[in-house]
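Paired with subunit B in one complex and with subunit C in the other, subunit A is shared by the two complexes that follow.
Entry: the complex of A and B
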């Protein structure tokens, strides 16, 4: 029996570039970014150490989305973004609700982000009287059922599933910054093993709140550098100083090629393999040798039946943190060492253009990798003016690159060394 | 890899922690009285004290940066360390999957909110004063995967799942797939119930229990060791013989989805429900009870003993089946409040030679 081929037939994205993948793709090819000055709500200007982020600009919302049910409920931002991205992907695929009934829904939506105004409900009239938890319980009747406090982590997955009348598996993924990539990879494997015929997979996240950004800053993950302005996100550059948070979401529709062709759909690209691994190193830092990253990329290639020499492009995790970018570069050089294939590879880091979408990061990056395979064009890594001596690959600095991309990897690595890599290929009629 | 190219997957070790103790207890044991909660004495729950982590497995300082559900999960994972070491596998061939609820506290951000109430103008200062450096990692549910991986030397494939009661099945299926499809030779599957906080009750208020009877949360954790060969001593080996999952977006479709999930779980072994000796499912759930109303099975479940363990419920029941049950086939059925359905079929192996059967 020949292996089941699985293709991407629908895509939807919400990022700082807007509410659809088409404008994101065009603006990224043009070398734009959406990082801008940012501060948490309610904080005096200039007092919060993290000054830049890539928030979603609600002003870019197209008219046809203004009636989307996501805006009618007090859902968390991440749930809204994800729901819009998923419905865009479904519309893009051309699938009807009836065709979606047996689909799997896989979503990653990050850690809960309780809004300050919801948390303030926990305060007693006299704050010294009671601990906040007990007071919250006493006031539970006042808590809006749609407030962030009432939204479980799998809310997005269920909102999507309920919206399409889904009866397939509904799965909520939690593997930190590798979440959306794991969702897509698991969806691919579920289709391949015959559990379902199609899946909607991706993720959405927003960490742009006072408490979460405080925590990320104190952890040393978020950059507070001031001197580069909006060019702060500098993957692989000597002056990179930490992640710049973005927000948004992305979803794709995956299905068997047989099914896609039977209904007349045109695949964007083919999913070839998925690999994951654990660093088992330290909770606070990646393995400096990039061994976990090597294992994940190797596993994706093995899963796809590919050799390293067949890879043309790596969409890197590329966080602009000193440790990740050096370790990821070393991992690429290790895995693609034979005949120094790493010198012929293109590597790009999308986070330089729309920031780090945390649990959702892998989804739009996966889409951009698929588009690179389809269009033979690769989005650039911005702000790479002074390459770190440890980072000496071709990172597509500054400008988009036009080159044939037959096979590509999309990497996502989560806090604590949870690693994923997805292998994609240009869609063609004959199997590889 | 296709469905025809699969390997059998066995459960060869298990550990639990819950209100019934740190050893698997028979489901018909007499439960201890449930305890009133600190934050709402009118509510009862079956809680456990945060355990000390097994000596020699984890860094001694780790317990300082763990919240309770993480501590429970790592306690159970750590108790599998010896059995895992005994397999003598390369680190890269050991997978780790987890059912990990969101972490709802105790969070220092709540202390910050409390302080802001006293000094509203000092919002930023209060957040910085109350947020320790590793707070982000402590509140990130997947951090426990990193801790478990480091301690147990798991470098193979991974998967973290954070749905509700169904997360345990998702973690089990993912781990079994890694083994059966050749990506790993052993897998550690870990799970924890969510911390019992007001937020848990707030969230569940939007999804009232399908069980109309007394509803008591429990605290607990469970961990399983999966391998591709049966353990030495067939008495303690179960084979994962089938599983399936689904979702009923429309409540009126619940029974049909539940029935379909059961049929698919049994289909790999070409069984019908009457071939199953034991069914582990919550008889208090009207839809579950309806599915078995004609089969003649007496439904067993640990909920009355340990409370509702959420993401850890299924793995805890599997651990009990592994340790105590003796039916040739045991079917476990989960029906979550959100509409999730899941079924697992376990087969008791009778000899060390049963190695070539495949799972679906």
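Entry: the complex of A and C
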């Protein structure tokens, strides 16, 4: 029996570019970015060391989304973005409510970003004296109901499932910056195992709050560089200095090819394989040899039954951090060493255009990889003016590239030394 | 035909103590490890009891993790690593195993932001007339570096995964979940599938979490998971039960293909089914020897649950809930551990404290009950109504068929 083929039939994205994937795709092909000056809410302008981010601009919200239930419920910002993205993906797929009933929902939403005022409400006025339960409960009522402190981590998965009347598995993935990729990979595996025929998978996140951005800054992950202005996200460049946070969400609809064709859907691309691995190196830094990244990409290719020589494009994790970009490049050169295939590969880093969406990052990057397979066009890596000597691949610098993309990998790596890679292919009627 | 997957090792750090033996002893004695709630940052006259890890068990767990890694960890992550080491020890995999491909599947509790304790002094120093002074906060953390630099790591929802992989030098496939029953089910399904597909040779499934902070507990009260009526007893399936009591801790299982284990009886995982609503959960057609179901501690809810339990046509029913309280991160893992212990001992422990059953079902009361046990069903339900059922069979044979 031939293995079940799984395809992408719906996509939805909320990023700094707007509230749907179509404008994101067009603007990214045009070489635009959505990184702009940013300071945390409530902090005097110019005093916070992290000066740039890629926030979602609510002013870009189209009229038809203004009545979305996400804006009417008590939800965290990231949950709203995720729910809107999932709704867009479902609408894009053309699936009916009845067809969605047995779907699985898999989402990742990262660590919560708390508001200081809400946290203060949970503490005693006098540090030496513990507040009573009644006092706490009275204060609990004052906590902003949209606050992360009032929401469980699986809220996004639940609201999507409830919103579509889904009776299938509802799974909340929590694997940091690889979260959305892991959600998509797990959805792919569940469909292939026959547990479900259909899944809505992705993630949403926002770390644009004072306490979370401070933590990322203190860890040395977030860039506080100022000399490049809004062009400071420069993956693989000699002057890269850290991640630039974005926010938003992305979801895809995955289903069996058989089911998609039976209902007349047109696949964007085919999902071919998934791999994950652990670095076991450091919790805050990738293995400089990129061994974990090699394992994840190799596992995805093995899972897909592909050889490295068949890969045309790698959508890199490409964070613009000094450690990641060098290690990821070395990993690519290691895995694709045979006949120096790495010299024929295209590599791109979407974070140069919409920042690092943390737990959600893998979802829009997966979509852009699927679109590259469909359209044979690859979005550029921006701001790569002076490549690091350790970073010597073809990164599609500055401009979109038009080239045939039959097979691609989408990489996402996370804090804690977790690596994932998804293998995608151009959809064609005959199996590979 | 899929290969059978066996539970080759188990470990835990629970309110009942460090290790499976402590847990099993407490279960057999019907002894509850729930004690008076002891929280540094708040006092409560309404939520007064908690299943808390004892300090000596925490200290013992710390011995299982290098000092330089402990700075990244909440206590729950330390318990998780310790539980994994115990499970690997029992599975004969404690030493370095270059020829064994491991997979690591982790579940953290629903509220894993580090306790506000770690923020408290800092926050209080940044308060002006009861509201947050953001500028003062920014100054403290940026200029004075008053914030724990590892707070973001402690708050990571995959902290357990990262630290466990570092502690054990695991580089294989992995996943991390944050969701009670559904997370445990997803982790067990992925682990089992990876073994059956031949991608890995041993799967480590671990869950760890704690809700010992005011906001987490109040969230559980609001969700109706625990009671706020001043009760200090957790009585599953008892007419006197007035609601749940939260607990904390960690549990780990090591799974292997049955055929890779030596001859002799093994507890094997068979079907895993789930549904968004309990009454549509698919249960096995044939009667089962033992049903393990936590229950809720709320007599009304447990009576409703009994309608489903009756469908399982079990010869014996037990619950471990009264021992440790409601565990957010490892509910299914602990119940599977209890089922495995019962199969190995051919004995069913009593439901702690049960005197007035909510239904006329074969609940075990008072003392352990010796029985011939081959098939076991574990049934879990979370506060959202999501339910999962696991079939466990005890087999001396190396069977290829996991049904």
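Heads up, the rule we're going with is that the second predicted complex is superposed on the first by the 407 of 432 C-alpha atoms of A that agree within 3 Å, B and C clash if a C-alpha of one lies under 4 Å from a C-alpha of the other, contacts with A are read in each partner's own complex, and residues count from 1 in each chain.
We adopt the following convention: a residue touches a chain if its C-beta (ideal position, glycine included) is under 8 Å from a C-beta of that chain, and two chains touch if they have at least 3 such contacts.
What you are looking at is a predicted structure, and each value in this text was computed from that prediction instead of being measured.
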Overlay on subunit A: subunit C relative to subunit B, clash or fit: clash
First (subunit B), second (subunit C), both or neither touched by A:99: neither
Touched partner set for A:224, first subunit B, second subunit C, both or neither: neither
Subunit B versus subunit C as contact partner of A:3, first or second or both or neither: first
Which superposed partner A:164 touches (first subunit B, second subunit C, both, neither): first
Contacts of A:194 with subunit B and subunit C, given as first, second, both or neither: first
Partner chain in contact with A:289 - subunit B first, subunit C second, else both or neither: neither
Contact residues common to both interfaces of subunit A (with subunit B and with subunit C): 42-44, 47-48, 111-112, 114, 116, 119-120, 122-124, 127, 131-134, 136-137, 140, 143, 149-150, 152-154, 157-158, 161, 166-176, 182, 186, 189, 193, 210-212, 214-216, 218-219, 275-284, 291-292, 295, 299, 414-418
Complex interface listing, subunit C residues touching subunit A: 39-47, 69, 72, 104, 108, 110-113, 116, 119-121, 123-124, 126-127, 130-132, 134-135, 137-138, 141-142, 145, 147, 149, 151-153, 155-159, 161-163, 165-166, 168-179, 182-183, 185-186, 189-190, 193, 199, 213-215, 218-219, 222, 228, 274-277, 280, 384, 386
Touch list for subunit A against partner subunit C, complex: 40-44, 47-49, 110-112, 114-117, 119-120, 122-125, 127, 130-134, 136-137, 140, 143, 148-150, 152-154, 157-158, 161, 166-176, 182, 186, 189-190, 193, 195, 210-212, 214-219, 275-284, 291-292, 295, 299, 414-418
For the subunit A and subunit B complex, residues of the former touching the latter: 1, 3-4, 42-44, 47-48, 105, 111-112, 114, 116, 119-120, 122-124, 127-128, 131-134, 136-137, 140, 143, 145, 149-154, 157-158, 161-162, 164-176, 179, 182, 186, 189, 192-194, 210-212, 214-216, 218-221, 275-284, 291-292, 295, 299, 303, 414-419
Partner subunit A, residues of subunit B touching it in the complex: 1-4, 38-40, 91-92, 96, 98, 100-106, 109-114, 116-118, 123-124, 127-128, 131-137, 139-143, 145-147, 149-150, 152-164, 166-167, 170, 174, 177, 181, 183, 197-199, 201-203, 205-206, 245-250, 253, 257, 260, 338-340
